[in-house]
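For reference, chains read A, B, C, D and E in written order, and residue numbers begin at 1 within each chain.
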């Protein structure tokens, strides 16, 4: 696929193909089994029967980063863990998405002031698609984040050229594909 | 297969090699299509079954009705996912391992009689072929595990090798029991025999034992819980396919469900009458006197009967998976060598005695 | 990565294979968070292990020295996030000991009620994730179903699902009403039925017993030497429960309850199955405690009016120090607060039960198989938030 | 037994360096001199009447004039407990940078103390001499400083991981303007995402030769581990 | 014969306990309906006491900063200029990147003007969106202006201006919404006590 990525103009055919791919991607976001702290328990609650993330096709937690599309970072990332989070992200296959779950990961949370070794927001380490603040966010709030991510993923440009806004974002955050 | 070649030769006027290759293409194409559709359905079914056993809903939002399109979405996504080949891996092996794994199972499909005469290769040694071809999958798994250059993958591959090789003994022993009674290696003979005499499972208690032994060892052969050690998620991350992503990973997924189908279809054919309905002679249905059905209709009924039985066993496999904890690697070996192998032989010997003296519930 | 030089391998035997060094974690499905264990493997058998913690170190003790006594309560929630009520209780009792006050009687009973509910919720997670560790996924969902009921109950009185910040120095945040207590009783009745179901699907399963019995045997001496507490200690045959032996809340004196200890039912005393079974039986004891507490709860205030001043003006205890031990689901949590008369303590130490229970892991793992290693880690039931703080 | 009986029993056994019981705090404690700590601990563990089989907690507390190491011991057999303190006086001008008190280890007497002592070293820089496995436990091995000391200065990054609230994300390689803006905000001469200059001359790790931290600052994130 | 008994005992126990476990899962499969709350379409009952997003009754607030002081994470930022008793609002923000929903900002308030709603959805794709502005207006409203003028006039000993300028506050719909929420919170507070 590689060479055709984002090279074709937007027309009916590419729109349709991209639409189908986007539908596939958004309907089957497999998260990684990855828990750090308190928020991981609420993340488990999202997989569990009461909320059941599997309804959106996202209930196949994969243990290995290679097969997962989404890394939910649930809990404080500190200096020791940040290296690992970064490596996990690097090991994931494109397209990959990141949800920052919880206040700690969104911007330091309760550890923002006196935390000598916490990373104040995982967006300092890896590019984040959706932030879900809360301490910990309710399972519904995380699902809300995942739904927002689905909307975002559904409009991915695969063969079409990137829109100007996407390019602008890329330039701003230096997300080199 | 022969029929198909005949059709191509006579109706389309193709000759020799051309007819053969055309027939091959049709068979392979239809089989691949069948496996893909079946695997998608089975994956969706597994998710729904698991969900309802766990008091939740399972896929709901993809596709209108109960998430029926879930597996299609998964396939689309996996198709367009980046294919990572680790830099430290053995690249050639890494590439071909999923194909080798899939080939082994795929070849198993060609001897399964879906209905009367609907069989791609009507081999005289059908069961023998099945047992031997199933071992190819192990080679692929070892290739995958070794080529990944990851310790977890290696562990998974070695576990798989030990497990599958060990469990071939009880599998083969258990398969010998119906062979002993029917006196043939040809799979369609079992269907015909059972059409006339009733299901083999009710032949004698020893036949039931053999069926149980086969079922348990086929679980191990398919790497299904409680024997899912090669990919044990809580121990080995993902086992031998830890480093695989995208489409290559989906081949392993496909292989797992395809081998479930083969094992269940063999179970259904050998012990539960395959495409036949007991004590009903389906070949008479084409007579204008009875039902006057066309050949196609009778074949379709046969397919439906076989699929129903097969899916029952697939359901049982899923049911077990979502109930039982996983065995440890030495316990798997213990179960294989200390329990299944002896009991398989007991079943074999006792069935031989029963057959010799004509005992059993419907002696023949 | 540092090598495990401290362990020597027998290379003198005839059959000698190369040993593999396996890195389990910090991202691994069954390390219950971000524990990292370096394993030295001889085939499937672990020959040496060294655990590496600190991947969730969140500076809780430094924060304790910088925020006021009251403001620290939400931070204690985040240590053992599965049993935050219990952590709140331990911290509140420490502050009360420093201030030399006692909470009103009704609040003590409310505390017992919510703490025991939270204990069930915490053990349910241990039960569910232990099933997943051993490959049985379904018990996890059943456990979470009951846990959600507890979450809903506690949410009704505290306003949060997980990190409650409900028990505060001098009492509890809100009062409870009779309707809520009826709901709790209904839950207890339902839970006892579900408990039998858990045993049918997991506890008595033959494979489960074979996977856990005689694995990871922790002797009584070793448990005491390593400072293990809670179910881990009790499973080794020590009948010690702070609630019974040093009642830190009045109601524990009046309530009758049994302290389950390991009996070596399916193997040696102190194996994984014993630890698991002690937790399971503790859940039943909890429901019995809750029933008794609801029957006996007196009228009164949930917090003294004068204590509510602390929301506006920070508490300033006299110079001194207090060490308060509490029985948490995972063992004895102790807070050590040193006051020099200011708004915040000058030292705020948490003695985390998981920290001590985990320290024994390196000794339990060698000799077991990789799959058993997972079972051992699961049976210790650690919470990394508490280990690393 | 209560605390005073335990202490009188210790005196009877001829243990030196045992101070008076201080009952001013909620939990009475006894101060023991560092030299006689190990003997006292051995006695407390092995004596039948004391039978303190559990080391509950080891805490180091930094006060203005000293660092105290507090041992909480308890006995499950006799239901009693004892708090033992070892006080290390702060030398003249002793700060985070130049003073690390030393206390003999009790890790071989109580296995539980092993991790506790490592933690106290990690967070407060108390050196437990002859400890069998004396490394940091919570923080990364190459961490600079002991954070629970009162005069600890927070780092701005560690091994390439930014730890400041307003740090620039690692992947923001194209955002030059942002980096430039951040640089402009800082006092001149202080490098971006580098530890403040106060760190540079600090020796680290117990007993090891001091390394200059300039060589340790690692900008590549992969080589940190 | 212990070994033989073990051998057959293992078989019997394995078969029976497996069957028991399977009966549990089958019972759930057949008899117990899913308990799932299908979130975006159905919602759980959020209890009255739920500690969700904050809401401010701005006209009551006296800019005393007690809530900001009580906050353990310093996530509340308040800025206002005092004109006598009238306030010219600059800023009242809660940084949900820090907020831990501990409720400590609620009890210290002397005029009971800050509350927590039962809302929780905060997901966003922009890191700057997580700081919530609780103000309905900034600066001075016309009636504030009038009040200031009145007090100044009073101070100067002159007659007060007669008419207060009435002007709709900007974003009226939003304000109605807010008023309804505050009313709901008041109702549930009354129920609680």
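The rule we apply is simple: a residue touches a chain if its C-beta (ideal position, glycine included) is under 8 Å from a C-beta of that chain, and two chains touch if they have at least 3 such contacts.
Because the structure is a prediction, the values reported are computed rather than measured.
Trainee: Tell me, which chains sit next to both chain A and chain B?
Mentor: Intersection of chain A and chain B contact lists gives C, E.
Trainee: Using C-alpha centres only, name the chain that sits farthest from chain B.
Mentor: D
Trainee: Please tell me the distance, in whole Å, between the geometric centres of chain A and chain C computed from their C-alpha atoms.
Mentor: Distance between chain centres, rounded to whole Å: 31 Å.
Trainee: Could you work out how far the Cα centre of chain A sits from that of chain E, in whole Å?
Mentor: One centre to the other, that is 26 Å.
Trainee: Once you find the CA centre of chain A and the CA centre of chain D, what distance in Å lies between them?
Mentor: 38
Trainee: For chain C versus chain E, what separation do you get between their C-alpha means, in angstrom?
Mentor: So the centre of chain C lies 30 Å away from the centre of chain E.
Trainee: Multi-chain contacts in chain C: which residues touch at least two other chains?
Mentor: Residues 28-29, 54, 57, 59, 62, 67, 74-75, 138, 141-142, 145, 163, 201-202, 205, 207.
Trainee: Among the residues of chain B, pick out those that touch two or more other chains and give their numbers.
Mentor: 51, 53-57, 60, 233, 237, 322-324
Trainee: Listing for chain A: what residues touch at least two other chains?
Mentor: 33, 48-50, 52, 55, 63, 80, 107-108, 110, 112-113, 116-118, 121, 123, 135, 138
Trainee: On the basis of the stated criterion, which chains touch which? Give every pair.
Mentor: Those chain pairs which touch are A-B, A-C, A-D, A-E, B-C, B-E, C-D, C-E.
Trainee: Quick check on the complex: what are the chain B residues that touch chain C?
Mentor: Chain B residues touching chain C: 50, 53-56, 151-152, 155, 225-226, 228-229, 232-237, 322-331.
Trainee: How about chain B: which of its residues touch chain A in the complex?
Mentor: Listed in rising order, the residues are 47, 51, 54-62, 67, 69-70, 72-84, 233, 237-238, 241-246, 249.
Trainee: Which chain C residues qualify as touching chain D in the complex?
Mentor: 1-2, 6, 53-54, 57, 59, 61-62, 65, 97-98, 100, 222, 224-227, 238, 240, 245-246, 320-323, 325, 332, 334, 336, 338, 340, 346-347, 349, 351, 355-356, 359, 388-389
Trainee: Chain E touches which residues of chain B in the complex?
Mentor: My answer: residues 49, 51-57, 60, 319-320, 322-324, 338-339.
Trainee: For the complex, which residues does chain A have touching chain C?
Mentor: 33-38, 40-42, 44-45, 48-50, 63, 65, 75-76, 78, 80-81, 84, 88, 104, 110-111, 113-118, 135-136, 138
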